[in-house]
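Below is one structure; the comments refer to it alone.
Each chain carries a letter (A, B, C and D) given by its place in the written order, and its residues are counted from 1.
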Amino acid sequence: MYVVVKKDATPTEINELKQYIESTGHGALEVVDDGIRKIGIMGKSSISFKEDLLKFSAVEDIKKIGKSFKFVSREFKNEDTVIDVKGRKIGGTDMILMAGPCSIENKEMIMKIAKVVKENGGEFLRGGAFKPRTSPYDFQGLGEDGLKYMREACDKYDLVMVTEVMDTKEIVLVGKYTDIFQVGARNMQNFSLLKELGKAGKPVLLKRGMSATVKDFLMAAEYIVAFGNREVILCERGIRTFEIATRNTVDINGVALLKEKSHLPIIIDASHGTGKRSLVEPVTLGCILAGADGAMVEIHENPECAFSDGDQSLDFKAFEILAKKIEKTIEFKASLKCL
Amino acid sequence: MYVVVKKDATPTEINELKQYIESTGHGALEVVDDGIRKIGIMGKSSISFKEDLLKFSAVEDIKKIGKSFKFVSREFKNEDTVIDVKGRKIGGTDMILMAGPCSIENKEMIMKIAKVVKENGGEFLRGGAFKPRTSPYDFQGLGEDGLKYMREACDKYDLVMVTEVMDTKEIVLVGKYTDIFQVGARNMQNFSLLKELGKAGKPVLLKRGMSATVKDFLMAAEYIVAFGNREVILCERGIRTFEIATRNTVDINGVALLKEKSHLPIIIDASHGTGKRSLVEPVTLGCILAGADGAMVEIHENPECAFSDGDQSLDFKAFEILAKKIEKTIEFKASLKCL
Amino acid sequence: MYVVVKKDATPTEINELKQYIESTGHGALEVVDDGIRKIGIMGKSSISFKEDLLKFSAVEDIKKIGKSFKFVSREFKNEDTVIDVKGRKIGGTDMILMAGPCSIENKEMIMKIAKVVKENGGEFLRGGAFKPRTSPYDFQGLGEDGLKYMREACDKYDLVMVTEVMDTKEIVLVGKYTDIFQVGARNMQNFSLLKELGKAGKPVLLKRGMSATVKDFLMAAEYIVAFGNREVILCERGIRTFEIATRNTVDINGVALLKEKSHLPIIIDASHGTGKRSLVEPVTLGCILAGADGAMVEIHENPECAFSDGDQSLDFKAFEILAKKIEKTIEFKASLKCL
Amino acid sequence: MYVVVKKDATPTEINELKQYIESTGHGALEVVDDGIRKIGIMGKSSISFKEDLLKFSAVEDIKKIGKSFKFVSREFKNEDTVIDVKGRKIGGTDMILMAGPCSIENKEMIMKIAKVVKENGGEFLRGGAFKPRTSPYDFQGLGEDGLKYMREACDKYDLVMVTEVMDTKEIVLVGKYTDIFQVGARNMQNFSLLKELGKAGKPVLLKRGMSATVKDFLMAAEYIVAFGNREVILCERGIRTFEIATRNTVDINGVALLKEKSHLPIIIDASHGTGKRSLVEPVTLGCILAGADGAMVEIHENPECAFSDGDQSLDFKAFEILAKKIEKTIEFKASLKCL
């Protein structure tokens, strides 16, 4: 349910309304959508509550949202959401390119990679300090040291930092360093984590779970929004199917469908999505043309020597070419709109 | 196993070699690959047979093929296969756009659609006369009447005809009318049908089965080639996964991987691949950029009234826009190669 | 739609009714269900046709069937269908055990296996003469020679023969030898084949396709019934999922659901369903307890030397133990009904 | 890697050995397997470390474990693990029946259900106080109140309590009440949670993730064991496939395979596994016969009125029948071993 605010409502009237909504225990999510101000009402509401709201002078209309995912849907907000992180705009026409190593291995390597990312037009550095590994005996990441190295690299090269948080009790620690919290595929339905990130005050990049439907994915995003954080970036990274020639199956249908159903920005991670270096470029470009706003990609100076996921990492030369092609593809996509 | 032919071998020498191969019960598949003449040897062969071959003056070298799919692989033939059907070249840089109704409903409708296809630059008319329907109580197609109407439409508008053959006993009948045989997803591993189509003398458009891996798909194509027909067009049309928001899941990874592993042309059918009209455009364009050589798409004057698959059919206006965008995307893809 | 026949209707009245139904181009499928005679009406029917039927003296009532699968459903016929093949009753309380090699390799081996099957209480010999192989270069079966050897073995040991037919044009040939036609998983939606088998006059064992839902499976069975053959045996043999530790994933839910929704008998093939010898016993027994009426199992004297599918074949000793446990499990299942 | 201890090693010698292992930063997991004492060495180890160990008088031999899952495998410990919880033995021949509501709705209901569970031979009460719900707007459970009610019910009826913990920060709270921690399917690869439960000092019932392979599942169990807790109960609850007639697809192959590969006990949850009340009985019994040591089942006085998952809950009458049949099936399974 949401309130359509009258065009000529005064700030005082709007404030009064919001305060009333919150006083009844509901959340109030204010957005501007194609010039119209709307206030989403979070939580269950009775008919009498609706009647109470209609009495406020700021209220033009009250509308129900049919979908189970509500405030992430275009039914609530038709206009694309643009998230501003240190001046970069995710979800608009800017090229969004997030690159970096799977695992931060040491300070020198993350510094070198950060330089390469920046030189090729990437504005976001991704990298893992806490690694969710299938085996307890595999390298689990550098932990806080990794976060420190990455922060330093981001500061030196003016990059936005994206790193994974795996557990509620690490939110404060990771939040000390990162600009964007990443939620991994295995945690997409870790609802405790999603709820806490709803209150964490920084954008969240949410990866689709390996067996999550598009609806499950949007419901997970809805958790973060419902608990107070509207800055969610969706990331398609492949689903699990019977196909074994590739690590996962990138769901290009899902990319196009997410763009149709939701106003949130969406990023394609073809490194995890394919698991094969040679497929990263064609799948990234294809998904951008199908609707993704940007890409996340794993890079490494010597992919063969990477601590983890070397098979899917690009070397610096391949990354340079990919970055150029992404830029061209984003321009081309914009040009198609004018046809 | 294949023979690399000497550069200066004379036609007589080559002929002698081929005759010997065939006299031993093996097939001999001759190709020119990046200027080098090769002869694929079909069937099991002993070491002594290899030694016999080496004695021929035309033989430069003999090579094994590591993969289980052999003659459809780039290991055998690196150069893209280009199939010429009545002057249209499938697999090169031409725009390949195959469009038409799911089912041919009557003569008038197929005539009207043929005109629209031609006007928008499509050179191929697709349509079903024999329909594989999940229920025995659903419309099963017009049969031979459908084939006749379609042939007439193709002749009038100078289009190439593509239609499905469901059974070995229909090959002769369907072959009387069609230019390209289509094998449906449900028949991808109907090996009897594949073998017969190996001898049918016309190109085959082979659709990927709903639960076929990329390897299964290439092995099915290998059947057709192994039985004598090298003109196979692969068609990705989505696989079956847990996702229910779309009819199938288009495997964009598979499109890129097929392009990498095989020299055969590949077409994307996003109508069946998505099952949703609004997703046909983004998914078609994305898959072309990721490697597909062209597209197959279902169109209908009034999709709501279609006998079958109306939800996924484009109307004429949407088709016109799509056709333009496909053309632009093919140009754009070519331009990226020069980066 | 089906007619409930009056209890006291005379044979003449019933005949008159059936003749009328058939004269209108509909099929008439007569069954006795819990003592009530019913006539299924195949094909689309108008309201006026229903009214016409109500005028016949034999008609008690006319009922619609809600499901898309109609005459295979318990909504049409609640009582279990029992198929009699040479005195063996499939679908009742008899132990149904179909065993044999994946491929018939020579006459001696099928004779030896037939003896073992019989000695352990199996009444059905399965074996492949025409083999649907993923690769065109793999052993494709002995063809008609295989059929002959198998027939001889069945005659000598008084066994019922079950073998695969892959194509409409082989129905006559295979039908000369076999007692039961098997349709393989890859052909489950080869609708041309299903239609012809509807008229073939012998029972059909229909294997579930690797990506077929339970509904698709029942619709495929419906094809055979709709074209005139009510003797269909369903066979669960695993579906394709992301799990790679086993060849397929046996759908025990599906076994129980098929038993609930359909009156047709159901058999479990855990050899293909698991692909691992050690899992054949537990999965076979579990599925019988969950609802399957019997089992199909691959056996071989030296599984390591089998021409095909050796990993999933039991040796004779393991088969002997399995046969005993199947017998006990069928008894145990019957005893649970009295609880 | 593990040490085989000499038969005649004294407690002092064994202690000395263990202290040395731990002093080097490795974990030492002591088990007795078919009468042989073994000490598992957790963590990476050098060749020189192996040589050092061989010098200890208690060491008979040192063996490598080939599998990626090590200490949960039968390669390390062949004998079935039996977990004792308040006198009930999970993993032996006792009937293990865990029953209760999806969500605890109020004190009265959990009291009533506890009584029913006990009366029918169930010794474990399951129920959710913290609920992982797909939608943030659905009932999220009673929280600590639910835990209190459940504890009271367990104390009154002498039942073992099983309830879900969703997050590391709830372990202490949930641990105050529960006897067994449950990890839900969505958290199977929440590695932070698994690590903490490795130190939590109480048995863990680990549910298989919806897209987890058997190997992933065993690796998740390995996490708990590697961090110090050897009391892990595996729970198969269905995987996600293309089949939509049932909520999930119970992997009976997986049940049999887990039993073959691991010494840990395994439980079948056919309520979540099927999502359909009518399938719970056949699938539960089938999986027990295929290898499961016991069952978990959802029950409710009025399933239609349940706050969550009513479609899959049994009423008390159906539960009574199921409980009897489970008991008979466990007896029957034991009898088959003597064949």
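Convention: a contact is a pair of C-beta atoms (placed from the backbone, for glycine too) under 8 Å apart; a residue touches a chain by one contact, two chains touch by 3 or more.
Here the structure is a predicted model, which means the values were calculated and not measured.
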Of A-B and B-C, pair with higher C-beta contact tally | A-B
Between chain D and chain A, is it the same set of residue numbers doing the touching on each side, over half shared, or a different set?
-> same
Tell me, please, which chain's centre (mean of its C-alpha atoms) is farthest from the centre of chain A?
-> C
Centre-to-centre distance between chain C and chain A (centres being mean Cα positions), rounded to whole Å = 50
How far is the middle of chain A from the middle of chain B, if each middle is the mean of its Cα atoms, in Å?
-> 38
Indicate the residues of chain C shared as contacts by at least two other chains.
-> 211, 239-242, 244
Give every residue of chain D touching chain A within the complex, in rising order.
-> 43-44, 68, 70, 132-137, 166-170, 186-187, 189-193, 195, 209-211, 216, 219, 222-223, 226-227, 240
Within the complex, which stretch of chain B touches chain D?
-> 240-242, 244
In their shared complex, at which residues does chain A touch chain B?
-> 211, 213-215, 238-239, 241-246, 248-257, 259-260, 273-274, 276, 278-279, 282-283, 285-291, 321, 324-325, 328-329, 332, 335-336, 339
